[in-house]
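Every chain is named by a letter (A, B and C) in the order it is written, and numbering of its residues begins at 1.
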Amino acid sequence: MSTGAGPGTRAEAGAGRGVGRRAVLGAAAAAGATLAAGCGGGDDGGGEGPRVRKKGEKITLTFWAWVPGIEKPVAMWNERHPEVRVKVEKVSPVDGAQYAKMHAAVKAGNPPDLGQIEYMTVPSFLLGNGLADLTEHGAAEVKDRFTGWQWAQSVFGKSVFAIPQASGPMGLFYREDLFGRWGLEPPATWEEYEETARRVRAEGAYIETFAPTNGYRFAGYAWQAGARWFRAEGDEWTVTVDDAPTRKVVDLWERLVREKLVRTDPDRQNAWYKNLQTGRIAAWLGAGWGDALIVGNAPKTKGAWRVAPLPQWREGDNAHANWGGSTTAVFAKCRYPKDATDFAVWLNSDPRALQALIEGGAGWPAATRGWKPADTEKNRAFFGGQHYSDVFARADRAVDTRWQWGPLMDTFQQRFGDAFTDAVTDRNMSFRKALAQVQRETVTDLKDKGLKVKAG
Amino acid sequence: MTPPRPPTRAGATPLRLRVLVLSLLTVAALYFLLPVYWLAVSATKSSGDLFGTFGLWFADPRPLERLGDLLRFDNHVFLRWSLNSLLYAGGGALAATLLSAAAGYALAKFPFPGRETVFNVVLAGVLLPHTVLALPLYLLFSEIGLVNTYWAVLLPSVVSPFGVYLCRIYATAAVPDSLLEAARIDGAGEARIFRTLGLRMMAPALVTVFLFQFVHIWNSFFLPLVMLSDSDLYPIQLGLTTWQGYADRQPELYQYTVGGAFLSVLPLMLLIGALQRYWRAGLTEGSVKN
Amino acid sequence: MAPPNARGPRRTGRTGHTGHADYTGRTGLTRRTGLTHRTGLTHRTGLTHRTGRARHTRSAAGFLLPFGALFLLTFVAPIAYALYESLLKPTRSGPLGLGGTGTAFAGLDNYAHALDDGLFLTGFGRVLLFAVVQIPLMLLLATALALLLDSASARWVGFFRTAYFLPYGVPGVIASILWGFLYVPGISPLVELARGVGADVDFLSQSTVLWSIANIVTWQFTGYNMLVLIAQLKSVPGELYEAARIDGASAWQTARHIKLALIRPALVLTTVFSIIGTIQLFAEPMVLKPLAPAIDSGYTPNLHAYHQAFKSNNQHAAAAEAVLIALVACVLSFGFLRLVGSQRERDR
């Protein structure tokens, strides 16, 4: 498609007629291509559309990413592929600024070729027809190289829109020394968790903080409980944020908050780090990438931490969830989607690339081969020699693969934060009420975007 | 203590009053400098100590080592950001000052139809919320291929409606029409009159405009955030927030962020300090003469 | 036209700025009395007057062109674009809306939507409250400091002035990160010290966080406003103070009756700029948001618009909100100017 000048770009600036140019992309991006017909006309002739690189032709692909240490695997790629050079441009991940940039770039018609996009944000880029369908560029053949549920996160209809990179299987980090001193064991069920919270509080500490602004971690809780907030069925989005499993989760946290058994300040912020150091917070429902966080910010607690699996809703169950994680996606404007796809696949499945990613801190690799969980245990001594990666490996295998993210997760995250901030500070606003409000607002938000929505 | 006498000379005020004034000034200085002091202390700490030790006192201070680490991190990228910031702020402020001077001078010294309208439109420019204008501006700049270049940040930075306002006010007061008229009669062209007379007479205002615009650009965050994607083009502040964003995974970045913030405040201190003399010279001359 | 021989000295006296006095001497313009005389004559002919006017317009255009062109590009064009965008709404096609996007004319829907959004309106109420409290406090402090520094009793004026102005050089985002450390319970040395004397303060609670933001803004901008006021004070002709002194006025009386009256225009200016700044309040709440759950996504109107534009990817709604924010800023600042104007009328 036209980058820079050209009739297509002008049509975009003069918005009203912007449909036509998008039709071609739409055909590629839509789950069912035929439905995009009927909004043709005014196409720009496709002089700059996706193309196949000629043999010997040298190209440079830009890649917007922010994961630490991403330069290393990219340099390895460039060494081996002089014809397809990848240039990393590091974008600021503060408070979603990187997506703001990507959305703006997509709208302006000059996005990079590749981008690091988190799982929950992938659908929002589909809305703007921002991503290329990688199915026809060889993505379909590599499906087996990746963990099923992570692969499924970027599949819509029959199309694959991103190559999974890493995830964050959840687990319970806890202070083994303190738990031991207080005669506590890591809770196996949420019922036990509540009781443990009470006992920890009685010792003057807290077991956790319920941060109303951390909607994604909460999503992990709901995910584990069996919720399915979003479903794409037919040509409609179904929103069921306020479903039975999620209610179960909010009820638990409402009790914990109202009894003041947990704090309500944000996790992974200044005060939380301080509380980690002092032992005022004795546990954290975190994710596979969280070890570095504790190691770096509470170095003096070395040896005191252990990791346990998430508490279960029913004793003996093995339900798990995920928090965080990224993909490598190819933008629809990319002129060499085949080469870009090749790079994305290589980056996330080549054994040497994987080692470099792990070293940099990318998280729990989505690839099934080419690495072993123990590779991620950079900090075993800190966790008293525990093979803590086993916990995450088990969790990763048991994540509910049916979970899907909705198209406007950034907005959702705000809605959630605003509603639950009210709920935490105002006793008249029950958690259930807040949940219902989030459900209502999300449906409206999707409708406002011109989407077909059904409240489940 | 000397008995109070009518103050005939500056400086001959009663001691009591001097002490009172001085203590008030000192209290205010404490308020304004305390966070700067905190920053200086914290720049010597590790990430762990940043969260774990008393904020207003040192813990294991190794300033050179910590700042050295920070400067070396990621191929000396901090130095690169510093140079970028200097370019944006220095170049941008210089150009902004000249443009504002010319425009303010024109608005002050040339009565032309629609002058007040032009001035009001410029003033209204100050009212626009920049954060939200950034997106349309980004789209416009994309059209002409300017995004992710130095120009994307420089061009908007050289437009200072406030500078025009200040220059106009100042030129009206400080550049006498009669002098310009005389120069014209001497046969000097308008451009030359502006260069030799206008700019010189407006000098104190220009320093002000330059200083304010320099700080404004140095501090601007949102424009570069939207316009730039290549971290080689980042100014310091944007770079620092990037670090802060990675700090989740790489905790030593907290320490680098705080250290970088400290280093980025230094040039401003130098600038303000260096221009202090000029300010004083410019602002006190009149009273001395009288 | 002023008599030629009166030109030089009077100018220096009135403006009190450097560089003028010797300038006239160096160019020697005053000495050419004959020339000036002749212009006096030509001015009467009327013909020259008109061509002079056209010449003025041409010259003015030349001087205005560089600024004007860039102003059009970076201010006028984006706001025009925003106005246009604010009248549109997105449409989608295809399954799940992934098929394609377009836009349709929406009239004033986006504006109605914004004005119907409780969060957005609460944000406005909040910044108004902020403005009513913070601006007078900050300007009071700035005025007090300016007068103190300007008083004959002050020492180390350069040091103090730099110290007060320094925070202006700390970028808003950095300032907020920095104060964030000074606010967060458990880390803040201030909270720790307060606890030491038995006071339990929480800077980030629902009821206090707005004033914690006010403190950051005050910290950053008092010095700036003070400098503007000092500049105005210095432009006061020295003989006025001299006259007051000879009349036996005390420092306090001079400050109250002469200086305050004279810095009035500067105070009006700083007030207007503060109003504009307050309406656009953004960086501080954005940076503190992760630390203080009490700050929601619509805490200030600008934050709301930012979230619309960049988080929800909803440019049309954001454009409408941007226009509304600019309008409110306009109404408030011009309203204030009129208020001041009418008061001055009454004073006469």
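Definition applied: a contact is a pair of C-beta atoms (placed from the backbone, for glycine too) under 8 Å apart; a residue touches a chain by one contact, two chains touch by 3 or more.
None of these values were measured; they are calculated from a predicted model.
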- Query: Relative to chain C, which chain has the most distant C-alpha mean position?
  - Reply: A
- Message: Ranking chain pairs by how many C-beta pairs touch, which one is first?
- Response: B-C
- For chain A and chain B, let me know how many angstrom lie between their CA-based centres, rounded off. 39
- Item | Centre distance in Å when chain B and chain C are each reduced to the mean of their C-alpha atoms | 14
- Message: Can you list every residue of chain A that touches 2 or more other chains, as numbers and ranges?
- Response: 95, 97, 100, 104, 107, 270, 274, 278
- Query: Out of chain B, which residues touch more than one other chain, so two or more?
  - Reply: 51, 135, 139, 241, 244
- Query: Of all residues in chain C, which are in touch with two or more distinct other chains?
  - Reply: 85, 181, 187, 309-310, 315
- chain A-facing residues of chain B, complex: 46-48, 51-52, 135, 138-139, 142-143, 145, 147, 225-226, 229-231, 238, 241-242, 244-246, 248-252, 254
- Which chain A residues qualify as touching chain C in the complex? 15-16, 18-19, 22-23, 25-26, 29-32, 35-36, 38-39, 95-97, 99-100, 103-104, 107, 124, 126-129, 156-157, 211-213, 232, 234-237, 264-266, 269-271, 274-275, 278, 280, 407-408, 410-411, 414, 417-418, 421, 424-425, 445, 448-452
- Residues of chain A that touch chain B when the two form their complex: 4-5, 9, 13, 62, 64, 66-68, 89-95, 97, 100-101, 104-105, 107-110, 112, 268, 270, 273-274, 277-278, 289, 292-293, 295-300, 361
- Mind listing the chain C positions that touch chain A in their complex? 84-85, 88-105, 113, 119, 180-181, 184-187, 206, 286, 289-291, 293-294, 296-298, 307, 309-315, 317
- Task: Can you check the complex and tell me which residues of chain B touch chain C?
- Result: 6-8, 10-13, 17-18, 20-22, 24-25, 28-29, 31-33, 35-36, 38-39, 42, 50-51, 54-56, 99-100, 102-103, 105-107, 110-113, 115, 118, 121-122, 124-133, 135-137, 139-140, 155-156, 158-159, 161-162, 164, 173-174, 176, 178-179, 181-183, 185-186, 190-191, 194, 197, 200-201, 203-204, 208, 212, 215, 218-222, 237, 240-241, 244, 257-258, 261, 264-265, 268-269, 271-273, 276, 280-290
